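What follows is a pair of complexes built around chain A, which joins chain B in one and chain C in the other.
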Partner chain A sequence: MSGEPRPLHSRRDDPQALAAGVRRGDLRTIARLITFAERDEAAVAQVMPLLQPHTGRAHIVGITGAPGCGKSTLVDQVIAIARAATLRVGVVAVDPSSPFTRGAILADRLRMQRHSTDTGTFIRSLASRDELGGLSAATWDTVRILDAAGYDVILIETVGAGQLETDIVAGAHTVVVVAVPGLGDSIQAIKAGLMEIADIFVVNMADRPDAAQVVNDLRDMLRLNPDHPTWEIPILTTVATVGAGLPELWAAIERHRANLRESGAWAGRLKNQARAELLKSLDRQWHHHVQERVAASGSLARLAEEVASKRLDTHSAATLLWEELGWKQR
Partner chain B sequence: MSGEPRPLHSRRDDPQALAAGVRRGDLRTIARLITFAERDEAAVAQVMPLLQPHTGRAHIVGITGAPGCGKSTLVDQVIAIARAATLRVGVVAVDPSSPFTRGAILADRLRMQRHSTDTGTFIRSLASRDELGGLSAATWDTVRILDAAGYDVILIETVGAGQLETDIVAGAHTVVVVAVPGLGDSIQAIKAGLMEIADIFVVNMADRPDAAQVVNDLRDMLRLNPDHPTWEIPILTTVATVGAGLPELWAAIERHRANLRESGAWAGRLKNQARAELLKSLDRQWHHHVQERVAASGSLARLAEEVASKRLDTHSAATLLWEELGWKQR
Partner chain C sequence: MSDPIIRVVVAKPGMDGHDRGAKIIARAFRDAGMEVIYTGIFQTPEQIVSAVIQEDADVLGLSILSGAHVHYAQEISRLLREQGADDVLFVMGGTISKADRPRLNELGVAAVFGPGARTGDVVKFVRDWAAEHRAA
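Moving on to the complex of A and B:
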């Protein structure tokens, strides 16, 4: 109300204060830090080392499947069951969408709103079109923030669409892949990469007539898959809208958690995830570096023009670009 | 049959001979060069400069939509109409899938097989999980090869799933986005990025009861979209399995082609595509470079281990990796 300008970064943005706020579960601080992570702000790199020792406790569950398969309703039901078991639940909904369909995302989130006044549930949507790992980094920063804040279960919900989304969810402890009848070839509707990372299959909308066929198709696919020595991938059926099959899904998630703990695979998943994340970080930083240099030189626009007017092919143009950047061709 | 070893690269792989073979439409040479492009072999970089002056004639049409929306059947029908108009048609089907679901891809391709003995039609599937532009580069090399070989229309069919697929198809002259009723929220089922690059919308399986709703939803979405000064995006309905609405779709594709020619936007699309491709080429080469150096040093595995065991956070680990590579932090 006063005329004085409010500083953009207040004292609350001190790394120690942010970390302490997250640790005691302060919702505003958590939300604030996640926003910083989404924007890739420098503050995050200062806070995360302080939070890292307090992570590693949460069970990270990825839930993914084609658009329209009822993922959000399923997540909503999983939240309800976990809350009934007095577990605190964090949800990171990843949707690499443009502002143009922001309406659809909001509609999705509204379905989970019955949990929005419950302080044991924290729901956050992340959206970005950056394909070079920016969204993945923000997602995993968010997961670690919620982990350090003491959430017992962290659900990562992604549209099982491209490689980007598959890579994000692949780092979870437990990956639930949701299939649905009525999308033509049921197997085709499940993104290829997802078949390989699934720990649990769910056929949702199982009250539809062709649900049994989807289960059979999945069973056939699993037979072709190399053996998992310590875990047999279950194929469950649900009708998420009425909660049918949800207790069984939750039981399977819990069983997989116990299995990871017993087999010693618990930490291995996070190690693979860290490895992928580090590589992407290098790719991303390089990309920004190149963007700046290339944009400053104006050579990209010139070479693209040469290609479009057929004076140059893209392979030759790429070689010229490399040379202008002072790099040798591989 | 003889005991003599056959050289891996025969005289046929001479760049001049390959280019000449493509130019006279020799199917074996075309297929061979596309395989080289898929594998990113050095021969391609030698042949493409020879082909580039002969490209730019073909109408490049991208057809994309969610899995199970009937894209392949639609493509099959478009081929039939174009062939009836005595046009030569090349098809590049892009599916960034793993070998695990190769069966599904084959099933798809089989639907187009009625054209496989027609020398005026060339159909090729490309598959790769490389998200750093390798698949995009192979796709566009293939498009240029088919363009130089004299195909009049080149269809790029992609699953409208992730950013990767959107980027690939965005470079086409004409982008057809296929929607379908029955996937829950009809708008949600269309990947966000696709809404922005569509030149033509098709609601396929329009004999389903909720097709009119999808058309209405799309119309509402288009109203929210900024104006296209020279082209009003049509929303067409088809039942691809029986060919209904296909002549209208073909007419719209032809109309868009004429519009691009008249408005002068024809070359602009390819220029944007070349620009994106050049940037990706830099990203990819860097990625390979880093992979080699990092793998050789063993530091990635060590740092990932540190992160997994909570001694280090990923931001700090990324900074350490950069320093080990001799780069300054951005």
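Moving on to the complex of A and C:
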């Protein structure tokens, strides 16, 4: 063991073989392709077109909320219920990367390990790497890979979200926002960002004092929200560690899926998702392109020096760089 | 692009709940820029190997203080082999007697880090291995 080189460039790179492996549900192929997606490797661009026709079937459920609010434990319980209903479950669990070392502790899986050997469950941890929106850049490719592999429900657990990590809403059919008692007063419930994206609210750790107050604050907040003509956002209470309230949560997730289908919003969400992802993909390519051009030009260090020594301001320096790279002013 | 990030599963098998060492080494790997999938305590060999596969880990680090290291090395090596994942670097840490080390090496454990091992040495071992085996 450990003597053989890792076969990174064996025939596993063959797009047809990779796609066939995913469709067959081969765990190693699925896992390796996700790694390729994380590394933005060329093979992914060749495999995804082969998988795309086989996607679109899975119900994609996002679970988000503050660090330590019980997301992983809720996911663990949802897996158990979905598996009891004989659905196959894919889990994408995102935890933060260090902005300093790029290292990460991915510990969501810790709460779900009882499902590790279940052949109907696939759990993958992703580090957020360079993304700041609560997910990892590879999240949606990972979701599509699991979708094409035949997982019926795909649960995405975001990083512990603060207030603005709302990328999950771009690609999930159903967003569950988890709140807990003790994180602030009623003003928190009316703040912009995370509180605006929920299809379902869960107040976890509902056995703690003040849980009823959190429910009331959320209810007051929702009463002023006229934007959901076909779906009344439920506020559920759970104690994830003992599974209390979990059947109700699962019922709400299923009800939301049915509601999306019946109201036609399912197709609308898919279109929004495609649009958001397309823009993001374009953004990423453009970002790489700009970085490469800047690195190749050698002007960055010189202009940064000018700015640091106060001979030039940042905006003027950026404009100069922009022009030096041959682009027209906006 | 920068070097591929090394992914490490850190696990504790069996009925041994002392996870201080596992957490320290997980933290050291994190600070060395690796992504650590921490599976926690009371893990079966099947759960551990399944995590290695689903997470597409490069490295499996087993922390063990129960004395059952030979048994677990045997089981885990067998499962890794059966599931085509024996290209993963398998290392162990904990209270493991020197006398048992040759046997562990035979079973596929690339290195054993006993009491007093420095986290820096463990990190270096993993990095050197990755540089040698993972170069594209």
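Convention: the second predicted complex is superposed on the first by the 289 of 330 C-alpha atoms of A that agree within 3 Å, B and C clash if a C-alpha of one lies under 4 Å from a C-alpha of the other, contacts with A are read in each partner's own complex, and residues count from 1 in each chain.
Keep in mind that, in the parts below, a residue touches a chain if its C-beta (ideal position, glycine included) is under 8 Å from a C-beta of that chain, and two chains touch if they have at least 3 such contacts.
Note that the structure is predicted; figures quoted are calculated from it, not measured.
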Partner chain in contact with A:P247 - chain B first, chain C second, else both or neither: neither
Touched partner set for A:L51, first chain B, second chain C, both or neither: first
Touched partner set for A:F122, first chain B, second chain C, both or neither: second
Which of chain B and chain C A:W140 touches, first, second, both or neither: first
Chain B versus chain C as contact partner of A:L27, first or second or both or neither: second
Partner chain(s) touched by A:R39 [first = chain B, second = chain C, both, neither]: second
Residues of chain A contacting chain B in one complex and chain C in the other: 97-98, 101, 103-104, 107, 129
Sites on chain A touched by chain C in the complex: 1-2, 4-9, 27-28, 31-32, 34-35, 39-40, 97-98, 101-107, 109-110, 113, 116-117, 122-125, 127, 129
Residue ranges of chain B touching chain A (in the complex, touch as defined): 44-45, 48-49, 51-53, 55-56, 66-70, 95-98, 100-101, 103-104, 107-108, 129, 131-132, 137, 140-141, 144, 161-165, 167, 182-185, 187-193, 195-196, 221, 224-225, 267-268, 270-272, 274-275, 277-279, 281-283, 285-291, 294, 300-301, 303-305, 307-319, 321-322, 325, 327, 329-330
In the complex with chain A, residue positions of chain C that touch it: 1, 4-5, 7, 26-27, 29-40, 43-44, 46-47, 50-51, 53-56, 58, 77, 80-81, 83-90, 108, 110, 129, 133-134, 136
